[in-house]
Amino acid sequence: MTDNQKKIIFLIQCEDRKGILSATSTWFFQRSYNIVHCQQHTDNIEGRYFMRIELDMHDLKTTRKELEEDFGAFANQYNLTWECHYSDYNARVAIMVSKTSHCLYDLIARKNEGDLKCDISLIISNHPDLEVIANQFRIPFYYLPVTNESKAEQEAKVMTLLKRFDIDLVVLARYMQILSPAFTHQWQGKIINIHHGFLPAFQGANPYRQAYERGVKMIGATAHYASEELDQGPIIDQDVVRVNHELSPNGLRDVGKDVERRVLAKAVQAHLESRIIMFKNRTVVFDVER
Amino acid sequence: MTDNQKKIIFLIQCEDRKGILSATSTWFFQRSYNIVHCQQHTDNIEGRYFMRIELDMHDLKTTRKELEEDFGAFANQYNLTWECHYSDYNARVAIMVSKTSHCLYDLIARKNEGDLKCDISLIISNHPDLEVIANQFRIPFYYLPVTNESKAEQEAKVMTLLKRFDIDLVVLARYMQILSPAFTHQWQGKIINIHHGFLPAFQGANPYRQAYERGVKMIGATAHYASEELDQGPIIDQDVVRVNHELSPNGLRDVGKDVERRVLAKAVQAHLESRIIMFKNRTVVFDVER
Amino acid sequence: MTDNQKKIIFLIQCEDRKGILSATSTWFFQRSYNIVHCQQHTDNIEGRYFMRIELDMHDLKTTRKELEEDFGAFANQYNLTWECHYSDYNARVAIMVSKTSHCLYDLIARKNEGDLKCDISLIISNHPDLEVIANQFRIPFYYLPVTNESKAEQEAKVMTLLKRFDIDLVVLARYMQILSPAFTHQWQGKIINIHHGFLPAFQGANPYRQAYERGVKMIGATAHYASEELDQGPIIDQDVVRVNHELSPNGLRDVGKDVERRVLAKAVQAHLESRIIMFKNRTVVFDVER
Amino acid sequence: MTDNQKKIIFLIQCEDRKGILSATSTWFFQRSYNIVHCQQHTDNIEGRYFMRIELDMHDLKTTRKELEEDFGAFANQYNLTWECHYSDYNARVAIMVSKTSHCLYDLIARKNEGDLKCDISLIISNHPDLEVIANQFRIPFYYLPVTNESKAEQEAKVMTLLKRFDIDLVVLARYMQILSPAFTHQWQGKIINIHHGFLPAFQGANPYRQAYERGVKMIGATAHYASEELDQGPIIDQDVVRVNHELSPNGLRDVGKDVERRVLAKAVQAHLESRIIMFKNRTVVFDVER
């Protein structure tokens, strides 16, 4: 990233009312910030206003802490909920997997190509199978098997690792275990899961078998933030692919891999680029501008 | 349709075993039929074989009845389930609607442009609103209101009309009433419904409201044969469109209309072109060759 | 349209520089306008800034003329190029066709369903074939045949009609004549054409034949503003559909009709909803919010 | 691959005439082969017939050579052009790259996951940049730089390598050099190239810049067999992705990478699964059945 491309990003939400845009844009203008990009959304049903503001980091004449304190005072006055991100910070990502490698390969490749701006700090798995891939890319790999009995204990170990590695985001890249509500609650908005079905259809196990049984003509995948209730978290992205009678459940699974990796990568990228705002059980995902 | 384009179409299914293709193609070859197109599918899980054979009608040297009797004898020997269609026959179609016009307009326009080869013999509605469209296109319109109490009586009237007009196919083009199991049973495989959701997600009422609540990133529509259980019949076609947070339930509904009309038209066309074979709760839909 | 949904829409473009958003949003805020929706785009290569602002018409306390004069003064100061639209005004549309009916049917149906907010004031054709459709919908139809020799004369008659009917937008719905540069120049930004190919591929005549010859695996359609150079005007929307070896040029044409009508309708809708800003040979098309 | 899944595949083409299907299916039936899958296509414009037949390898009671000699005699009699493939043979693939890694990563990952049934025997590049990836996966890497002057010499080295490694298929995975007609001629039907544009639009260099300039609303990629004329070879697969005004040429390039890797992988897979028949400058690509 060249200096020219460095950005400060504010994600803001509040109750909808007149003048927010004017007040906010003027606040930045008066401090000599150039608003590189500003996107908004009003949910009229919820009466909720959402805004993403991208500033040129060159215009930053204070410390980051000062900027945030300064803006914090303004936000209090207008009752804004907000976050501030800096595009030169590389989020630290943990990937959790089981035995299937396609999403893992894809995330690593995209990171290496510069499309996912992050560090893949470690890989955690309940199976040893994918350690070979971790080794190829010299990423620390932790094999933490889990049984029904050892679930709490294993999750505690996972959480210890996430803390030790100072992880910002957990990506469940076909991790075939259900995380406990305690876990997902603690990491709310920081766990992205790929479900290999077009939610809310085909929740739970064996979605491709379910799809075959129902005779659907398209199959899909859904990337969502993990929530305490299984497969119910806020959806970030979905996609589908056309299928026909030629495909058995295994055929659907093979074809579906392509959608899974694409959807998961898009969701992770949107998160890393600070383009997502959550409200209740929905997401506002602002478009990319490149 | 020029004489050159006239086709005889056989739809065949049977238990899978060796030699069916050889026996069938040889049967037609020995009678000097040119097999213009032959499509097959084997469902290995069900052990079921499906075949669609298109013959040049020029090669017909007997009466249609003789051809069918002759083939019937062969089919008995090999235990085939089969149908025979002639592309110069215009199926007689009844369209059932309520208040929404987009699918109705679309079907009529496609019929008039020659893309749906059929007669639209009558329109039946439980509301008077769309009579004006029927009149524009000089199609008989029957207004048959329905209440919970009068349902059986109204359906009897509908069935009388279908018989009187010698109807081959009923298209539910956003007919917002649930047909009784008795009705759908009697017309099995001859009623195509458009559901304004991506089945099996969003069954039942208000799918666009459900989609908004769940925060999905794509919405879809599903055309299926009506069966005794609501929204559970064999799916013929599905499609989706990408949506985002900008759309309210009404916005989703508006955007969804486009998918609904497209999916319904494709399903009706596949049926009219004798490209669908049903088995259990699934369909084999052979591709078009034009 | 209920009073609640009435909007004032400003389309603005200018050289990019700091403070435009702040100045503009504050200008409206100070006059007690609620900015219902604000969308922006900066083209960094061109150094150009684009903005679409949607206001609640309830907040209008002056005449429309006063608002425009008032804003005009502000715009001069900041060197803005701008237009102002009112969503309660129904644009007057002329549709030009030749022999093919699918786009015409589709536009009329969408207008009748309320998805295209406009009046279809007249239909002009160089062939008499589609008069029957005009009559069905009681839309004035003008048959103006054209030969190479009579082209100038025919175009003069067309322009007279457009003036007499006070037309705002001309839609070329498969009008198979090339308009003269003089015509397109005079109606710049007010003629939308559908090209039955994925521009810039397959320019000129017989795109489906060209597509067959080249053996492409997808075919498409392109809606664009007509410009003085054939098939070179600013693109508004494009879409494609997957095809395969099964389709002859005629088959491609039949399958393509669906894409053509969809793309044309989307482009006309974007124009009617004041969501398009042109700059040089490109368009900024802001997303719909419904 | 379990023994159950092993298949013998015949790809056949000939002038269209009556009785080919009957004769061919009977030929196999008489030798006790089960036809697992049979797909056909008739190009009525060219008067050409295409067939793909999949047999169960269990039914092979002779040597492969005997089968081929035996079928060869039959094929001569009917004037068939044909190839025979065995699904237990792993094609030997050479990947040629320059500096961009996304397609290379993707092909290797898919091979490792079992979706591309082949050996990636070597990687050849005119730049040293991607050697690190080759090393990670322990694939031989040959750095063969090229200048205008050394082109013939470099190509000779490439061809020597292809022979030494007994290569069946060359994949140009963003190899940014134009192969000489002599090279492509010698390897006709055995070189698959990915072009980062929707052919025939945007041929030649910098397709994303061209796409930006033209203001298109979708960008695409095209996988095709390399032919003597640049970007003119038979197309195997294409796909597109929707874009908008937000994307600069670099943004288009980033978004396009996803389409490129998907399209290239699909084309390579179709080739490896013996699902492609070429005729003149077009391909028949039979659908997958899994």
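Think of it as A, B, C and D in the order they're written, each chain with its own count starting at 1.
Methods note: contacts are C-beta pairs under 8 Å (C-beta built on N, C-alpha and C of every residue); 3 or more make two chains touch, one makes a residue touch a chain.
Here is each chain with its UniProt name: A, B, C, D = Formyltetrahydrofolate deformylase.
Values in this document were obtained by computation on a predicted structure and should not be read as measured data.
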Q: Could you tell me which chains make contact with chain C and chain D both?
A: A, B
Q. Taking shared residue numbers divided by all residue numbers at the interface, is the value for chain A and chain C over half (same) or under half (different)?
A. same
Q. What's the chain with its C-alpha centre farthest out from chain D?
A. C
Q) Roughly how many whole angstrom separate the Cα centroids of chain A and chain B? A) 41
(Q) Roughly how far is chain B from chain C, centre to centre by C-alpha average, rounded to an integer in Å? (A) 35
(Q) Can you list every residue of chain C that touches 2 or more other chains, as numbers and ranges? (A) 41, 244, 246, 248, 287, 289
Q) Within the complex, which stretch of chain D touches chain A? A) 101-102, 105-106, 109-110, 112-113, 115, 136-137, 244, 246-248, 250-251, 254-255, 257-258, 262, 287-290
Q: Write out the stretch or stretches of chain D touching chain B in their complex.
A: 18-19, 21-23, 25-26, 28-29, 32, 34-42, 242, 287, 289
Q) Which part of chain C faces chain D closely enough to touch in the complex? A) 41, 43-45, 50, 198-202, 212-218, 220, 234-240, 244-246, 248-249, 281-285
